[in-house]
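Next, two complexes with chain A in common: one pairs it with chain B, the other with chain C.
Right, the complex of A and B next:
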């Protein structure tokens, strides 16, 4: 397809510690189209955030390193860029919303100053023009009375407002790709719903592509066009959102969806997956989900399953899927 | 909706009156009193030649150890009495303000700047840079300062610049340690990640994001250092490797009067009171400044 904005191919990122090499992500491939929302879902520590940080090349150095693969954004392989060239991409082409809005803002500057930082870095505008950009960024995130709010310090704002300011910073240079790392986790349900509606609206206005990292299938259902399910550093299934919900093929995906509480079902206990994810230091030779899988076969313990595309845009890595 | 928003013209937001009127007055006193004392002393130092009633180094052997004016035998000629060489204590204290204050301020400016730069660099860059800078700091801190001061004094000869150098050469190390710890903490905070996501360079992050967040502890340590530096200068002067006599500094005045403390207490007491006042004023003013500069505490 020609409108692919980001193509990640066989990305491997490891953390080198005294205890050994943690393969945080191991051969992850996916693509994101322009103007689309792509969901990355999985339980804690499965490599979602590391995937996001790898795309921005902001892994905590020197422990974290990308050891293989390609990250192609609009024809440029980001892994081959120099540090300086990469800085020019950050904020302008790709942006990221970090997990916690409470600590993502510098307490000593006004929010206007912080939103303006990205604008000043990338666009070289005069101060009065920076202010116009900042106000329009705040307006994009529907912050009321932006002309007054730009002079506020972060501590003067509520959590929901701060999260919107963090969104304004990310959108201030109108990036083409936005990585949102669990942006709604710290918010309560009402604010969360507002925030998701807001992002859909922003996407319509700016045509930005979004990689939405979450562990919440409810958010995925509302927000994303396509979804990739991650488990222990690998993508196990990729499909359109509706396909994932209606016909999940990988046992892990099915189990995850099963463990979401439903209002219309009267189960006594919520479904849960037995066991723990494998240690990234000591991975099983075969499928990483095999020890917890219900439909496990002999081959699952010995060899890693190949990724097969079973229908258009739906690929699965499982020996049980033919 | 708009009615709850503050008016655009209204630059001064309504203050949250969490404090009683009395507490407010007490709080502003901790600013006004120390600031007044410090400014008066600085003005005294600047205008010393016009304020001092006598020549501070003029010896008068017939008028030795005269008591201050309010004691029996004192006269209005020497308001705070004279020392063991018949020199006017008041004039020496006034001129001493010049040396004592300027030495300590100069040393603090040098050590704080060097320590902050090295500390931020070590804390933010990390890795080998940090290892090298912090080992260098450790070595500096393990070196006996007096020995180094003596060495410098022998090489350069005693004098004003030697004192400043001797106190600065090792004095930056505690700042570097403190600031490195703070920088390390701030480096891992989300707003630094946010700045990196926005494409800020390491230099920009260090100057714009880390530095403003280390100012508070820096100011506290700097104000505490005022007293320490005055005392350190006194120690050097006492050992004869500080400000050479006959030039007065508060420290050397205290040292000079030590032998006479049983019969002429005023020689040591008045410069001692001045040292105490500067130290306390520095600490109180530092505390007040910290409250004022931290936006999280600003509206309290």
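Right, the complex of A and C next:
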């Protein structure tokens, strides 16, 4: 539980468009331990998905580019790998689950074909052994009657079942790191709960480390050991999940947790944060949350706050935290 | 799948019966062939004689009965103009037409797929812009003008190729080339835009996440999805190919079906027009059937819905 599997240091990724350079992530650092679930939380367009795609080096070309930093997986800096070497890591060492199960499977190939492809590519198995591996991957995700399902096309399956197939593809080569990009957002609430329980179970069986990208604090609470909160391309606070919920230090984290609806609170209106995140094209010189912050000081508008570790494993970037 | 094919075959037969009736009626609306066959000094007796010889003195219903029963037995009647069995004339002309259309079809499809995919994967490069330019040019230039200009350049000015007529391999270059050029641009653009749509999709992203090499992503995952949309219009493009064949054969003086039919139309040679049109209808329907079967093969969702 203590070995560090992935270390991301000062990662910067930008998108170069005609309008200029969008700094999608700007100096992001975090680490993920073996077998733990690390949550990346934040609102839309804060850079969560771009962080995931940067780790896989699958940014949309030619606009997206990693312009600085290190991504060290088990001692290897992924940024320095050649394209071919990187391809050998994808699907084998690192895998990813996409958000929408309705569109992330190829409609013209059977699920067996799509899982088998990974197995054949990374494990170099003979055809008759591939099928066994595929069935065991389906079984890992608790898909009923995998021997029959293997010949099904995606359109013959429900959304929840398809997302399990996507999970089977991701887990088929037993990766060490799984990036789950809002895998439950497109599912309805009961299926969502099942899926999360399933992944906790799979993690116990396989000891895979998971980066769980979400905007939903409820999911974070159920799933993650540690959390990083992102805002406008930067991590503003990192801590153990229980610490984040009990004692959020950054005003943005506190505001985010506050805007989760509660059944036991009898508020008339749901709390929401005033204003909009800044444009990534034209970022303010100081703290990016300053224009929306309640406890804003003079210095917040002028200089970016340093990241300070206030207690073991709890770091915050805020001028208001001493 | 078998049921799907049987149903489509039955539909094809019904369509053919309808077409046969339509052709029979329409061709008779074009006027009386006797007006073209008789001389200015023919006496009424001579005209009556001619009508009897050609079977045109019988009522339309009787004529249709003769046409229909002949058809079933594979007898298309006799040309009014040349007094030869129509079947023999078609036997001469059809292979000549196929010698142009088959290579033109194969060349244009292979090129359309290859260039469409290359253009989509190298978007906004020199190659992509080149493909787009050629496609727009090809779709906006009338085919017959292209053919005449090619003739002027390669046969008259450069003297590399023979002007027209059938002969050795060099006689095929221009007619096959122009026919391929009729179909290529439309198909190429469809493949390109289909590929662009698909390459943007989530399942292509997932294929990359799996670590698959780009070659498999493009030719296995993307292409099969990208050709589903172009396939639906392929039937129409096929019909265009036959139209293109008529124009090409006339310009290059090629003794094929197109020329045979056009000459028959001018002469109101009913049996020949009927047979040629019907044969073309059979070919169009046959190709559409082929497209439908390919479509079902490519897209499993269609296959499961229809069976």
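Definition applied: the second predicted complex is superposed on the first by the 320 of 322 C-alpha atoms of A that agree within 3 Å, B and C clash if a C-alpha of one lies under 4 Å from a C-alpha of the other, contacts with A are read in each partner's own complex, and residues count from 1 in each chain.
By definition in this document, a residue touches a chain if its C-beta (ideal position, glycine included) is under 8 Å from a C-beta of that chain, and two chains touch if they have at least 3 such contacts.
These numbers come from a predicted model, not from an experiment.
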Revision key, fill the gap. So, after the overlay on chain A, do chain B and chain C clash or fit? They clash
Exercise for review: Tell me which partner A:55 touches in the superposition: chain B (first), chain C (second), both or neither.
Suggested key: neither
Exercise for review: Look at A:293 in the shared chain and tell me whether it touches chain B only, chain C only, both, or neither; answer first, second, both or neither.
Suggested key: neither
Practice item. Return first, second, both or neither, reflecting whether A:91 touches chain B, chain C, both chains, or no partner chain. Key: both
Review point. A:144 contacts which: chain B (first), chain C (second), both, neither?
Key: first
**Study point:** Which of chain B and chain C A:211 touches, first, second, both or neither
**Key:** neither
Exercise for review: Return the residues of chain A at which the contacts from chain B and from chain C coincide.
Suggested key: 56, 58, 87-92, 95-96, 98, 100, 103-109, 117-118, 121-122, 153, 155, 166, 169-170
Revision key, fill the gap. Within the complex, chain B is touched by chain A residues 56, 58, 62, 84, 87-92, 95-96, 98-100, 103-109, 114, 117-118, 121-122, 144-145, 147-148, 153, 155, 166, 169-170
Exercise for review: Flag every residue of chain B that touches chain A in the complex, lowest number first.
Suggested key: 1-2, 5-6, 8, 127, 189-191, 193-201, 204, 208-209, 212-213, 295-296
Check your understanding: For chain A, which residues are in contact with chain C within the complex?
Key -> 56, 58, 87-92, 95-96, 98, 100, 103-110, 117-118, 121-122, 153, 155-156, 166, 169-170
Study note, to complete from the structure: Listed in rising order, chain C residues that touch chain A in their complex are 201-203, 205-213, 216, 221, 224-225, 228, 298-301, 304
